[in-house]
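First chain A sits with chain B, and in the next complex the same chain sits with chain C.
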Partner chain A sequence: MKVIFYVNAFFSLVFALGVLFGKNPLRSALSLLLFFISISLYFFFAGSDYLGFVQIIVYAGGIIVLIAFVIIILGLRRESPDFDISLRSFVGIILLALFALGVLYGMGKSILHFVPQSPYFDTSVAGIGDAIFSRYLLPFEVASILLLVGVVLAFIFAKKEV
Partner chain B sequence: MNAHILLPEIILSITAALVLIIEFLTPRRLQFIGTVTILGILLALFYDLSMFRNAGIGFYGMVKVGPFDRMFDLIFFIGAILLILLSFDYFVEISGEFYFFLITSLIGMMLLAKSSDLFMLFLSLETLSFSLLGLIGILKRKEFVAEATLKYFVLAAFSSAFFLFGIILTYVIFQTTNISEISNKLFAAGLTGIKPGIIVTLVLLTVGLAFKIAAIPFHMWTPDVYEGAPAPVVAFLSAGPKAAGFAIILKTLLSGYQAHPEIWKGIVTYLAVFTMFWGNLAALKTRNLKRMLAYSTIAHAGYVLVAIVSVNQEAYAAIVFYMLSYTFMVFGAFAIISMIGDSHSNLEDYAGLSRTSPLLAFMMAIFMISMTGIPTTSGFISKFYVFMSAAKTNHIWLVIFGFINGAISAYYYLRVVVYMYMMDAREEHAVPYFPFLRSVMWIAVIFIFYLGLFPQKVFEIIVSTL
Partner chain C sequence: MNPVFRDVLITGVKIAIVIGGMLGVVAYLTLMERKVVAYIQERLGPNRVGPWGLLQPIADGIKLFFKEDVIPAHVDKVLYVIAPMIVMTMAVMPFVIIPFSKRFYLSDINVGILLLLAISGINTYGVLLAGLSSNSKYSMIGGLRVASQLISYEVALALAFVGIVLWSGSMSLVKIVEAQHTIWNIVPQIIGFIVFFIAALAELNRIPFDLPEAEAELVAGYHTEYSSMKFALFYLGEYANLTAMSAIITTVYLGGWQGPWLPGFVWFAIKMFIVLFVFMWIRWTYPRFRFDQLIGVGWKLLVPLALLNIAITAILRIYI
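The block that comes next holds the complex of A and B.
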């Protein structure tokens, strides 16, 4: 089990990098699809099958299809992103690496002191429904306001007249 | 569940839906929609004030409301109403969704000040950022607006990612996102063993928050957004959302980690010093009034951060008082900028204003003097309270840095006055009469002098809410 977990972690990293460095937009979208599927495996490992399936259906099934449609409709060609190593990007990469090391060090030092209390939540469909309509009612409602704002925003920016 | 403590937010959500429906039925009747919005806001304000002293926890610990949070609500309401008044004269033809975004941003800010759960905090922060995008980009055909909107969008998303990462790692450490539970766990267990992890999470959270309040070195978006966005929106941006940013800092750093202030004090001290100096020094070189006020708002954020470093009751009240008085100053200044015109905001455009419209020049001088912090204005009193709280907690160096910065800022604020009174205009053109812009200007002046001359009563009210 542990081996599968680490193999999956390795591949999700590879797919994530594939999104960034893919020269063909469609290939990047495909990497994203595989990345989402590997993410859903984490949910299966954590024992929440429902969330794993939702991840596959919503992200892999819905969002990637949308992205693929946009790529096809806009007719994006092969892009050649130029990764010239200028001084600025070099400093950026070094700072990012230091930052990542800092996060890993800090969390790694503290992670020994955790007392995992599993399972945190009941992740069955009923359990998630229960959480949404009790403890997480307010975030759920605020998320709906957020989505409404997003829809109106997209409408405002997309329509022709001012 | 205690749902009634969020009644103002519920009223505002209904108003937001109503505004969308009215815009659909009778498009582009701005004054009508604006009036409906004001009525909704006043109704929410009425319920907010009627429940002012009721403290309580609601929605399974997601929100925790006290009188102090309702003080922040007051600042947001004032900002929103002044923005609506400005919008009546400023915008000729826009879609009524502007008011929808205004209300949702208000809901976001109010929930930010009240949420006691990091998860909730993140969602309301996103609601706020998205609504502000709508406000900034509403005149999407105008010059620089697309640039301002895109910059704000990218950097808001970027900072939210940092903030979210911080929240996730906090959950990993504490197995909860509830701020009071985090605080309890820190009081009970202390820092043994988890200190490096907590520092990592605090750095991530601070980076996310520093973007929101435009602290150095996360301020890059501010000048461009301020230059591109419509002037009334800029005034709102530097009053309401900034106050909301400080409300989150009070929530996360001061309440969540109150058992161990020493772990975040260092970060915030450096942030305060650099923000004050960089903001003021950059403003010296700027000759565009909107960009200059952008750097000045960075510097003002630095002053407020000084109050956050000195963790005591008075500092809390000083922050609220500062944001209240800053709201009036910035709305007054941007009301006049709106009258002169967004595209005429270079210093040269203000030359000789004292001859063409003496009243406007005099008012602008008052706003500039108040921002400098010269006595009898509210700018002086608010700076006084901030530095007083820092001096009482022995942060003498911060007070000295603050005074140096006050002196630096006098140069560029008073330069505007010099241009208005001592330079000759290249071409004289009369400023049209805008009733609503003028009313905002008068409201701002009245409150600047009221808070400047009789601050005691307001300050006592704020202290009594703590």
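The block that comes next holds the complex of A and C.
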């Protein structure tokens, strides 16, 4: 089990780097797809089949198709990433790296403290439904209203006359 | 014998039976389709190769094997080769969780319905990548149409599944079949069944929703540039998807292996072939939709109907 986990972690990294450094936008989208599938494997390892499959359905099945759509509509050009580093951007990169390290350190600390206190471990479908409709009802509804606002806004942007 | 080894052996034999049986069914579906269309159009259909044309699929297979495998110079080679593999693999996957009889199934996972949705989500990429990697305008438009069509109809399909899950109280296919002991799901879920069936037609790219490969406008759509065995994989994948979808409909709506007198496996096969026949019947009866009509039907008719079905099911579950 542990070996599979580390192999999967390695491949997640490879696919994530493939997204960043791929020259062909379509292949980048494809490695993003593989990256999402490997992420879903973590959920399976954690014993939550439900979240794993939802991850595949929503991200792999929905979002990447939309990304592929955008690539088709904007044209399949080969983009060469621009690595022309000047002094100013060099300083910027260093500052960004320091900032990222700080964020990672903070996150690592808070996650280490946070995980054992997480109140729900029941990750079955019934357990998640229970959590959504009782304890986390308010955040769930707020999130759904946020999504609804997003949908309405998308319509307003897409259509010139509403 | 070592128990681990024995388990692996048994599972391996089961997988071989399922895959082999399914590929056999798929090969002979091509013959069945041609026989059915011949019957509908009052002609004889293939009858030269073997008695009643029974060896026709084998002859077709051999022909496709020995054709030259052309990879056009202008394609994205890696994606071009991967695409038909994705189609065929994802078409076989649903059989992992379908219960063929009371005891014979490969695996029973408690979120089986979600697995089916995930598979159909990944399945989109096979045709989409074929369309995009071919670098030809017909393939490109075919791929574009596939993407929008599958995305639209997956929503209706998933919402129809929600009705089933509410009614049966489980996402495991084995439990869903057992819950249909007294009455098949098609009766209380008739609206859901209609939505599911129409959405399934669209997911399978069959007439009246076969716009991704509309030969009148797009030559052959996303597989225009494919030849030989790669073309055959698309063709077989299409029929494997058809078989899988019929098996899913049988399991989820028609009571699966349940039925009197005959053994479960026989009932499953009978029901599955009736569904397959209805799919073929529709294909050779109706003309093709226009593309805006297709998207309109998906979002403005099927999705509201599926939501209505969920509301009705929820009310029935509470008060009955």
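Convention: the second predicted complex is superposed on the first by the 134 of 162 C-alpha atoms of A that agree within 3 Å, B and C clash if a C-alpha of one lies under 4 Å from a C-alpha of the other, contacts with A are read in each partner's own complex, and residues count from 1 in each chain.
FYI, a residue touches a chain if its C-beta (ideal position, glycine included) is under 8 Å from a C-beta of that chain, and two chains touch if they have at least 3 such contacts.
Please read these numbers as outputs of a predicted model, since none were measured by experiment.
**Q** May I ask you to decide whether A:Gly61 touches chain B, chain C, both, or neither, giving the answer as first, second, both or neither?
**A** second
**Q** Please indicate which partner A:Ile145 is in contact with in the superposed arrangement: first for chain B, second for chain C, both, or neither.
**A** First partner only.
**Q** On the A-aligned overlay, A:Gly102 touches which partner chain: chain B = first, chain C = second, or both, or neither?
**A** So A:Gly102 only meets chain B here.
**Q** With the two complexes superposed on chain A, say which partner A:Ile39 touches: chain B (first), chain C (second), both, or neither.
**A** So A:Ile39 meets neither chain B nor chain C here.
**Q** Report the partner of chain A that touches more of its residues: chain B or chain C.
**A** Per-residue touch count on chain A favours B.
**Q** Hey, what residues of chain A end up touching chain B and chain C alike?
**A** Common interface on chain A, chain B vs chain C: nothing in common.
**Q** Which part of chain B faces chain A closely enough to touch in the complex?
**A** 1, 6, 13, 16, 20, 58-60, 62-63, 93-95, 97, 100-101, 104, 107, 111, 117, 119-120, 123-124, 126-127, 130-131, 133-134, 137-141, 169, 172-173, 175, 192-200, 203-204
**Q** If we count contacts the way the header does, which residues on chain C are in touch with chain A in the complex?
**A** Residue positions touching the partner: 76, 78-79, 109-111, 114-115, 117-118, 120-122, 124-125, 128-129, 132-133, 135, 140, 143-144, 147-148, 150-151, 154, 158, 171.
**Q** Over in the complex, which chain A residues touch chain C? Could you list them?
**A** The contact residues of chain A facing chain C are 24, 26-27, 30, 33, 37, 49-50, 53-54, 56-57, 60-62, 64-66, 68-69, 71-72, 76, 124-125.
**Q** So in the complex, the part of chain A that touches chain B is made up of which residues?
**A** Counting only chain A, the residues touching chain B are 102-103, 105-107, 109-114, 117, 120, 134-139, 142-143, 145-146, 148-150, 152-153, 155-157, 162.
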